[in-house]
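Labels run A, B and C following the written order; every chain starts at residue 1.
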Amino acid sequence: MTSLAEKLSTRGLRVPEQEPIILDRKRIYIIPTWYGVLFSMTLFIMLIGSINFNNSLSFALTFLMVSVTLVSMLHAHRNLSKIHIRCATTKSVFSGQHAIFPMLISNPGGTDKQTISLVIKNEIPVDIDVPAGSTVTAQLSMKTMVRGIVQPGKIKIFTEFPLGLFHAWSWFYPDIKCIVYPAPEKDAPPPDFQSDGDNNAGLTAKGQDDFSGLRNYQPGDSIKSIAWKQSARGDTLYTKQFSGGGGRTLWLEWDIAEAGSNEQRLSRICRWVLDCEASGIKYGLRLPDNKILPGSGRKHQHICLTALALFGRES
Amino acid sequence: MNTTINFLINQANEIILGKEKQIRLSLACLFARGHLLIEDLPGMGKTTLAQLLARLMGLQYNRIQFTSDLLPSDIIGAAIYDRDKGEFYFHPGPVFTQVVLADEINRATPKAQSALLEAMEERQITAEGETRDLPEPFFVIATQNPTYHTGTFPLPESQFDRFMMRIELGFPSRQAERSILTGRDRSILLQTIKPCLTSEQVLKIQSLVPQVHVSDALLDYLQDLVDFTRNDSSTSNGLSPRGSLALMRSAQSWAFLDGRDAVIPEDVQIILPSVVGHRLRQYTDNLSDTSSIAQKLLKSVAIP
Amino acid sequence: MLWILACQAMVIAPHLLRIPVWLSIMSAGVGIWGYKAVSAKWKYPRRIILLLMVIIASTGIFINYGTLIGRNAGVALLITMLSLKILEFKTHKDVILFVYLGYFLVVTNFLFSQTMLIAIYMLAVSIGLTSTLIMLSRHGSELNLGKNVKQAVMMTLQAIPLMLVMFVLFPRLPSPLWFLPEDNSRAVTGLSDTMKPGAISELSRSDAVAFRVSFSDAIPPASQLYWRGPVLWQYDGKTWHTSYQKFLKRNMQGKYSGKKYTYTITLEPHQQYWLFALDTPSSIPPDSYINNGYSLISRNRIRNLYQYTSSSYTRYIIGDKLSLAEKKSALQLPENLNPKTGKWAREINRRFATAEEKAKYILGYFREKPFSYTLSPPLLGQNAVDDFLFNTRSGFCEHYASSFVYLMRLMNVPARIVLGYQGGEYNNLGKYMIVRQSDAHAWAEIWVRGKGWIRIDPTGAVSPDRVEKSIEAALPFRVSSGGLMRSDNPVLRTLILYWDSANYKWHNWVLGYDSAKQSSLLEKFGINSASWEDIAISIMVSLGSMLLLIALWVNMSNRRPRKDPTCRLYLKFCQKLGRIGFRQMAHEGPIDYATRVTGKRLDLKDEVDLITHIYIKLRYSRNPPTNLFSQYKKCIRKFHPRKNK
């Protein structure tokens, strides 16, 4: 029955909708819940009792409850109607993490929308309250299994408020997607560098150009880099730290990531990209079908990771 | 007053071609007692605009070129030993002026940046245990290269907030570029320009701006906008109260430049990208850049 | 949780006096246990213990009531279940079932009492239960009590019109579907079908309403307000019984003259069959008969409030032909009792020839000898009539009527006792008469050839005030506990009358709403032949339209909050432009909008610019000129853009 109801209520939702999605009368469906059926049965017994005893007040109360039930149907319907839904931007995630699809639910009407739930199929529903005239973000999450682009597809928005006797729902199809990067490999070997310059350090290479601060001296630090002036003031030694934006450039190549499958390669390169970015090394990416010139910064990282995510997935 | 301002804008237009909106925005920012950040690629005329504004308003200005080896004392000033008198005296740095042009602010180290930024916020300077007031009016017009260029120290988020507006100049139109190519050298033109305002007048304008009426309906709109940024998860933080105040003040200032005594929604809409962009940018995914966030904000919030 | 328990307490509270004490204590205990269990201080009982408790309680109920299915036992069982459900609060479902059970229990309350106060109380309880449901349907543990109750009240208010429609239109059955076993444990105040000394005086202490009467036109004088009930024929020396019950069916055999009084009686349930009528009835209400004592008998036991219309004449001749059997029972007497009275009767019998003279003499005797009228008569011995006539000489109406009839029968005059009420208090506000239990009365009837049965009220001989005014006037001081109800304070009295008239309307229109009232009401709306289909259709139609109205109401509140006039007019302006293809976008400011419009339609430029200009002035600027608004209004009224060809 549920699948039939779903089929009926999602007909006409074949392509993603344009924003804002407005829930109007035509797309809100309503059926009694099992509690509703049970309650109707209770009411029926009450009615039989009233008829038998011909008791006016029992009649009145029974009818009052019947009416309250009907009114609750209207309320449940109203609780969804005229809701505006927009999608906010998603943040890219790594495979295995939860992709978060933030939905902006706004209620331009004059009554509060209470206890509304949104659910992506087979995921846990998210409950929200939207007071009159305001906007609330529902963070719908979806477990990601593979890299690429995930889309939540059709999302169900439903409510059983106020009495739990009726289930009002509507489907919408937001135009929203989330890029899933490959999961970074754990304990990946450092890349066999194809660097432009010297070839002597690991990923944590420090630059020599710009003074970036002091830290406590560790054995093994170069004597040249000891900050004698500062160290003379106290009894601890300080090492000058330099960071090098312009220090080195790495090419992260498909071919040097020697791992079994394509996916393993991708997750290894992903790990390298993250490491390079963390240590401020400029890096470029060379994939069989794509080449990204060296750079650094969050945007660059995103470009690289996206390239990894979409590798081999033309869409 | 208005004719003077219009004249000023016209003058500026002649130097920087085809950028009237940016000029007006900068003026609005300065009249609202805000500091201005001009961000664009090198060679787009950032410095020219900054110099032009300072000149036209008839204020004394200093230019500080930020480099990676700039020290805070290079900005604030330092105590110098006077051999004749046998004592230290404070030699004020270039920041002690009415308009500071902080060129390429993101090339200096965070330490140097924060020295300037502190001055911007407090409008006074504490050096050698003494607090010194900066002159009034006091503006900082900073220029910066886009952060992903090499050799830059991006401004920390907390300090971005201190600039009331951030504007981009963008490439000139074909026609404007032709004029630039064929016309006289901008730097020489700059020398010839005469101030249109005095510092007293600027102060006067600054005191008039907050008196521009902001009706309840408009405040509703402003708050709706701010609330939206706080609810929208594409920005993990919303606008701070300082941000919303900046929004209102710059809208007032814009209305003032337009010669109106009340703010209308269009004022807010026009200044919003410049005021909000840099405050929200830091939190967003790189997929969407500043202008699209501001556009989305404008599109999403209905005018009450 | 506390809230749910409070709801339970509220639901059970009215039942508390009716159910056995041990059950009340048990449910209270279980409530406390449940509360502690929810707050994780105590443990929930095991299933087996619960089952044991159910069995124990059920056995207790069975022992107490002798059954498990009657009304009382059923309610007790329900209460047990409701209370024990608390100990099962583990899932959401349990709580919801609990609430449904609560609704059910609310309805059972009405089987016992249907007063207005109970109705209001129960409305409150049902709102409480509804708000519990609202609370349960909310996610999260936030206890939004005020909001929930507000919503419940709102929903109930919206439901009331629908409820009224259903209440009015739902077809009522004239008789129940099946009978539940009688509960005899319940005492009802009211006349019984026997009379022994002290029965009526006992009843006189009660202020409970026996019935209410509304006359369609004239009201008979107070001295004629005899409300005829059962007629008693048989005497065993102590108690009078109704033994003779020959039904006359729907056939009146009286001769009536004088004024005809038509009236409607709303009878409180008294668990008996007879109906009361003004002496003597000339028509028989539906579903009832009349017997040879001219008492109206209902076909069904009066379990609920019962309303009927009848008419009567105060001048009548009834039973002018006495059958042999009747005569025999009208002369029946116990043997070998009251020797003194027998002697006296023979004496009178010798002195007077006609029955009426004999009666007159006896009444005179009552009047002259020191007989007194009292609510607390002394006890009488074996020869009760002897004792009363010659020793104690103080008693209530039943003593007088009883000894009078005894005497008449001794003298071979057919006589019988009539039970009923005498008097009544007129409520000017509601234009009806209240007859209370304290108005209960017994009088005598003797049979005279050619005149039939004649009413003789021996009490009137002793205390004429009793007949003329009311029982209060007749008694030297008030013994009854109903001092408040019959207060002398005029304000209080008015209030009481107000209250009673509201109650009467309540009885008349709410409780007494039955198939007859329904069809007469439907006739007023032009539905004459109320067939099932007609009723079904009218229910559907009115329910549908009502639902639609409520839907509109519900949706109205969903609209945007109201805006100020400036804004409303501007919206109108935008609508006008929208009609010619320029819809304002939600985020579009007025100037941008105007620019967009005038850019395409230069011909509208002046008007649009003007209106926009004024709108901005009015809405955004400081202190806009006061006369600007009228100009603005005029401009927008006059603005009629046409589509471009």
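By definition in this document, contacts are C-beta pairs under 8 Å (C-beta built on N, C-alpha and C of every residue); 3 or more make two chains touch, one makes a residue touch a chain.
Note that the structure is predicted; figures quoted are calculated from it, not measured.
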Hey, which chain is the most central one here, using CA centres?
A
Which of B-C and A-C has more C-beta contact pairs:
A-C
Can you give the whole-Å distance between the Cα centres of chain A and chain B?
36
Which integer distance in Å separates the CA centroid of chain A from that of chain C?
62
Between chain B and chain C, what distance separates the C-alpha centroids? Give it in angstrom.
80
Counting only residues that touch at least two other chains, what does the list for chain C look like?
none
If a residue has to touch 2 or more other chains to count, which residues of chain A qualify?
108
For chain B, what residues touch not just one other chain but two or more?
300, 302
Applying the document's contact rule, which stretches of chain C touch chain A when the two form their complex?
96-97, 100, 103-104, 106-108, 110-111, 114, 118-119, 122-123, 126, 130, 133-134, 136-140, 151, 155-156, 158-163, 166-167, 170, 172-173, 176-178, 180, 304, 510-514, 547, 550-551, 554-555, 557-561
In the complex, chain A residues that touch chain B:
20, 86, 88-92, 100, 102, 104, 108, 134-137, 139, 210-211, 245-246, 295-300, 302
Once bound in the complex, which stretches of chain B touch chain A?
68, 109, 147-148, 150-151, 227-228, 231-234, 284-288, 300, 302
Which bits of chain B are touching chain C when the two form their complex?
213, 215, 217-218, 261-266, 269, 298-303
In the complex formed with chain C, which residues of chain A make contact?
35, 38-39, 42, 45-46, 48-68, 70-72, 74-75, 78, 81-82, 108-111, 114-115, 117, 127, 132-133, 160-165
